[in-house]
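Shared between the two complexes below is chain A, which pairs with chain B and chain C, respectively.
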Partner chain A sequence: MLTKIGNKVGGLRNLLFLCALMLLALVLVLDIYAVDRILEPLGYFYIVFALLAIFYGIYPLYLSRRLTRYYWDRTKRHRLAVFGLVFIFFLVAVAIAGPFLTQDPTKVRFQEKNVPPVGFSITQSVYDVKTDTFSTVHIPGTWRHALGTDDKGRDMLAMLVSGARVSLQVGLLATLIAILIGTVLGVLSAYLGGWVDNALMRFTDVMMTFPFFLLLVFIIFIFGPSLTFVILAIGLTGWTGTARLVRSEALSLRTREFVMASRSLGASDSRIVFRHLIPNVLSSVIVITTLSIPGVILAESALSFIGLGDPTVTSWGVVLNAGQRTLDTAWWVAVEPGVMLFLTVLAFNFLGDGIRDAFDPRSQV
Partner chain B sequence: MDNTILKVKDLKVHFFTRHGVVKAVDGDSFDMRRGESLCLVGESGCGKTTVALSVLRLLDSPPGKIMGGEILYGGDDLLKCPDDRLRQIRGNKIAMIFQDPQSSLNPVFTVGDQIAEQLKLHLKLGHREAMEKSLRLMEQVGIPRAAERINDYPHQFSGGMRQRVMIAAALSCNPEILIADEPTTALDTTVKAQIMDIFRDLKREKNMSILFITHDMGTVAGFADRIVVMYGGRIVETGSALDIFDHPTHPYTRGLLNCLPSVSAIRDRLTPIPGAIPSLINPPKGCVFDPRCECRLPLCATVRPEEVVASGDHTVACHQCAPSVVGEGHKPS
Partner chain C sequence: MKKGGLQGYVIRRLLYAILIAWGVATCTFILLRVGPISPADKYLANMSARTADPSQVVAAVEARYGLDKPLYVQYFDWLSNLARGDWGWSFSTSMPVMELIQKHWIYSFQLILLSMLFSAILGILIGIYSAVKPYTKTDYLATFFSFIGISVPNFWLGIMLILVFSVQLGWFKTYYDTGLTLFSLANLKALVLPVITLGTGAMAGYTRYVRSAMLENLRKEFVRTARAKGLPERVVIGKHVFRNAILPIITIIMFDLSGVVFGGAYLTEIIFGIPGLGRISFNAVFASDYPVVITITLIGALIVLLTNLATDIVYTRLDPRIRYD
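And now, the complex of A and B:
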């Protein structure tokens, strides 16, 4: 019985996935009418993301262990890709567990402002109210604030950990949205062809020529600077490259004989799109996904740097912005998030390169 | 003739290209009978594949367009029936096998999955039943250690084995008609012989009607019941295998047979047909074969020859054989 229904939507796995989504939708409906929120708006994104990852990422990887091993071995040959992966895992762990271990990133302590990181010390002139004089004070770094504090005495470590969480949230979710839109539009455009293809691709061109940043600023100006809208804004504008690439791949796949063979054996259009075209473009989609995450993370940082990010969350961009005002007295406030951003972007890029090489049949030895 | 299972009537297929309209199939008619193997023979570009694809309406449109004619199967005209109906026929009643086994399997799914797909779709089988049936089909087409190989991917199979998988997928729903578009062209000779054995068995054991498309008269000789010879988008000769091989009547058919190497005849050179196939954008006004024909008549350049009965159901489209001409004593030797 269950398998019969499963067949209709292309397998038991899809059925379970759809069931989970429906359950989530039910929670959403309850959430709208309930007094207390069950889930934060972003929580829904995470659950969808996690479901996608489990059903279409981890489970298939587990099913074909041999191939997983093969691709892992190939990716492993890329030293830097492994470094990237390790760093990303570290970042994910920090983002999940860190906020429970560090101090409150928003807590302001003026008496502890501009404390340098451990191992550094600065001399600062401090104004004393009682004597009405300036005195030179020697401030050493302490383990209490291992990475120092900013000009309001906020703990840098806590802020960086919080920033890691924001960056990963935005990086993963916005990329997911962009990739989903791009893949669907690209495949549809290639498969349907004709005027649909023309209309979709011209729309993509318009999106591409439109100044990306201006559009982001616009969306956030209209909808307000919350993290959800930042994610949506980046996701809804960042799909153009993916759409084009997927379209070009699907165009060549469409004329392959197995598509014709499948049609000759009675497959419908939707079956061809979902069983033949999409699975075959997935390897490139995975590569663009990892390679576009850094761009998204940078976009979020840039937005919060210019003050268009969510004011209630501490992201690396916000810290950077605070740091550039005190670059002459407290260099670490700007340097630390900068380094984190740099390493994160680098890690995703290396991982993307490694995966691309692993998937590229031409590099087969 | 109630034995007819598929009837192609006056089929016209044109391709609209930048250089002009290519008349790939220009008014062809033939019948296919239940349980027979009908071979469609002709050189590259003569429209064989176009005919085969038209039967299941698989032509890419644009540029291809079916301009006219009927293809009758059961009570349906396959050229006009709604898409849903056609999808039920494809794979279920009429299945097709393609030339290149390298690219006709989806690289990202296991072969078992791909054979089972049709079973799930047409026979509404569950996953487990479908996989069991796939296994039996794989054994039937002679894939050794099928139980181990059912979860392998296409790239782990050789060309011949992949073609067997394709055949298994095509056979999965026990179709009445199997269309095989040059299924042995991409295979080497020994594998080719094995694959031909499978087709022979299918015909004998399941009484399946097979439309076999090839350019290789050698393959045809041992397999065909009836043969349709095409040239330049038109059918030039139709007849039983005996008719065609023993009494080839159209000059083109004779030319084709002269190209065959023969063990018995003492000949040190094969005789090719001079010239090349004409452009189908501007085909010759009269007979398409006229420019290359050895025994053309003045009439051939201007008048298109009608099909005439040579004997029984052996028909030829050639002025040499038309009664008026034969009466004047021009019967080809």
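And now, the complex of A and C:
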């Protein structure tokens, strides 16, 4: 009985996945109408992300261990990709554990403002209230604030750690949404063809006509800035490239012999889509996922840089904005978040390049 | 190509562009209506505290902007206003949005034009050089820098340029001087840092594309034939390889316009205080100036639409192999 239903959606795994999703939807409905706050809004994204990763990432990789090892070996030969991966792991560790180890990133201490990072020192003229005079003081960096403080005395290290958390959250979740929408629309468009394909592709063209960042600003302007909305806005606008790529791949797959054979044996539409089309476009989807994360992270920090990010979270863009205002007194406030942002984007680009080469059988690593 | 094929293609492309423009206008309308805030609220935010009874003002504003009419009437009004060029009235500056745009577009235009020239010329030259001498030290250096150029966030690059060249060295002003006459040398100097800020990412991208496209074409058989014929290397590279490699790059440059250049220009204008359309839209966002934000988004989309159209049509002239029927 269970297997029978399972076959309708292309296997037991899909059925289990759909059941888990429905359970989550039920919790969401309860959350909205019955109980007060079971989960934070972002919590739902995380659970969907985890479910997807387990059912369609880790499990298939575990099933075909030999292929996984082959891909891993090919990625590993790209030394820069390994550097990227190590840096990303480091960043994830910082984002998860960091906030428990650092000071409060929002705590303002005016007595300790503009402290330079360890190893640097600045001379600053300070106003003394008691004597009503200006005096020139020499401020060295201290280990108490290893990366210095900003013009309000907030600890830079703590702010950077908080920023890492925001960037990774947005990077992963918004990319996930964009890739999901893109893959589903692309496969549907290619498989159904006809007027559905026509309508979906025209819609994609319309979305691609909007300049990406202007559309983001527009959406945030209308719906207001909160982390959830920023993630949704980036996710809901960034799927167009994926949809086109997946569509073209699925179109060429559709006419391949193994799909024809499957259909002539009487396979249902859903079986062909779930068993043949989706697994075969997955490698391109994985590559495009890795390569679109940096753009998403940049979009979030650009939004928060111009003041359209969530005002309640400390992201790298916010710190960078503060840094631009104090360039002449405290250069490190602008330099440090930018370096982090740059390294993160670089790491994802390296990793993406490595994975793309690994999945492309034509390339010589 | 059959008779009238090209003409028919151009007409079909034009009709398609109109369809997309309609789609863009409709999407914007839907977004506006789905949004939690009505233009009346935004207008009130602007006029706040000036009037005693807000409900009266809301009614007046809704009547003024036709928000009390049924939704389909609003939709048709919206489309016809856009088509007639009536793009609304800026709340915060009290002038027609179109007038505001006319006053400021030139600043964005000069920034985008100069940085596109900068990135295309330098990117193509470096790319060609790397491809002609592949796997040498210069090539590796170019690849390394292009990787950095692609990954460096452009708004951070801008701030770092200000930090080094304006704050530390004092070569440039930290802010774009709006008092300068356009098309003057002083104006050009003021645009040096913004152009580098906006152009570096694109330049790095083009370097890589040109390099790989050139290398791909260098392996083709017609190149071997050309060399076997005894043509000078300059002709082989310039006529046979470059001519074939440049076509996809034109598409990429045009495609960049929507994805990278507009967003980059928006940020660059904010960082350097250039009073272009991005800066206007940015001010409008924080002044809750509804019509200006909408108009600038729509103008961006319109420009992308027109460049796509132009690219497609220009392509028919550049590449005789493409068939359009």
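The rule is short, and it goes like this: the second predicted complex is superposed on the first by the 352 of 365 C-alpha atoms of A that agree within 3 Å, B and C clash if a C-alpha of one lies under 4 Å from a C-alpha of the other, contacts with A are read in each partner's own complex, and residues count from 1 in each chain.
Going forward, a contact is a pair of C-beta atoms (placed from the backbone, for glycine too) under 8 Å apart; a residue touches a chain by one contact, two chains touch by 3 or more.
Given the structure is predicted, the values throughout are model-derived calculations rather than measurements.
Considered on the superposed chain A, chain B and chain C are sterically compatible, since they fit side by side.
In the superposition on chain A, contact is made by A:Phe221 with chain C only, not with chain B. Contact with chain B, but none with chain C, is seen for A:Leu265 once the two complexes are overlaid on the shared chain. In the superposition on chain A, A:Val206 makes contact with chain C only, while chain B stays out of contact range. Between chain B and chain C, C contacts the larger number of chain A residues. Between the C-alpha centres of chain B and chain C, as viewed from that of chain A after superposition on chain A, lies an angle of 90 degrees, to the nearest 10.
In the superposition on chain A, contact is made by A:Arg275 with chain B only, not with chain C. Looking at the shared chain after the overlay, A:Asn349 reaches chain C, while chain B stays out of its contact range. Looking at the shared chain after the overlay, A:Leu12 reaches chain B, while chain C stays out of its contact range.
Legend: residue contacts after superposition of the two complexes on their common chain; A:Pro294 is shown touching chain C, with no touch to chain B.
Legend: residue contacts after superposition of the two complexes on their common chain; A:Arg247 is shown touching neither chain B nor chain C. For the pair chain B and chain C, the least inter-chain C-alpha distance in the overlaid model is 10 Å. The touching residues of chain A, when paired with chain B in their complex, are 3-4, 6-7, 11-12, 255-258, 260-268, 271, 275-276, 279-280, 282. Looking at the complex, you find that chain A touches chain C at residues 202-203, 205-215, 217-219, 221-224, 294, 298-299, 301-302, 305-308, 320, 323-324, 327-328, 331, 334-335, 337-338, 341-342, 345-346, 349-350.
The touching residues of chain B, when paired with chain A in their complex, are 56, 58, 60, 87-92, 95-96, 98-100, 103-109, 117-118, 120-122, 124, 126-128, 166, 169-170, 172. Per the touch definition, chain C reaches chain A in the complex via residues 19-20, 23-24, 27-28, 31-32, 35-37, 147-148, 150-153, 155-156, 159-160, 162-163, 167, 174, 257-259, 262-263, 266-267, 270-271, 281-282, 285-286, 293-294, 296-297, 300-301, 304-305, 308.
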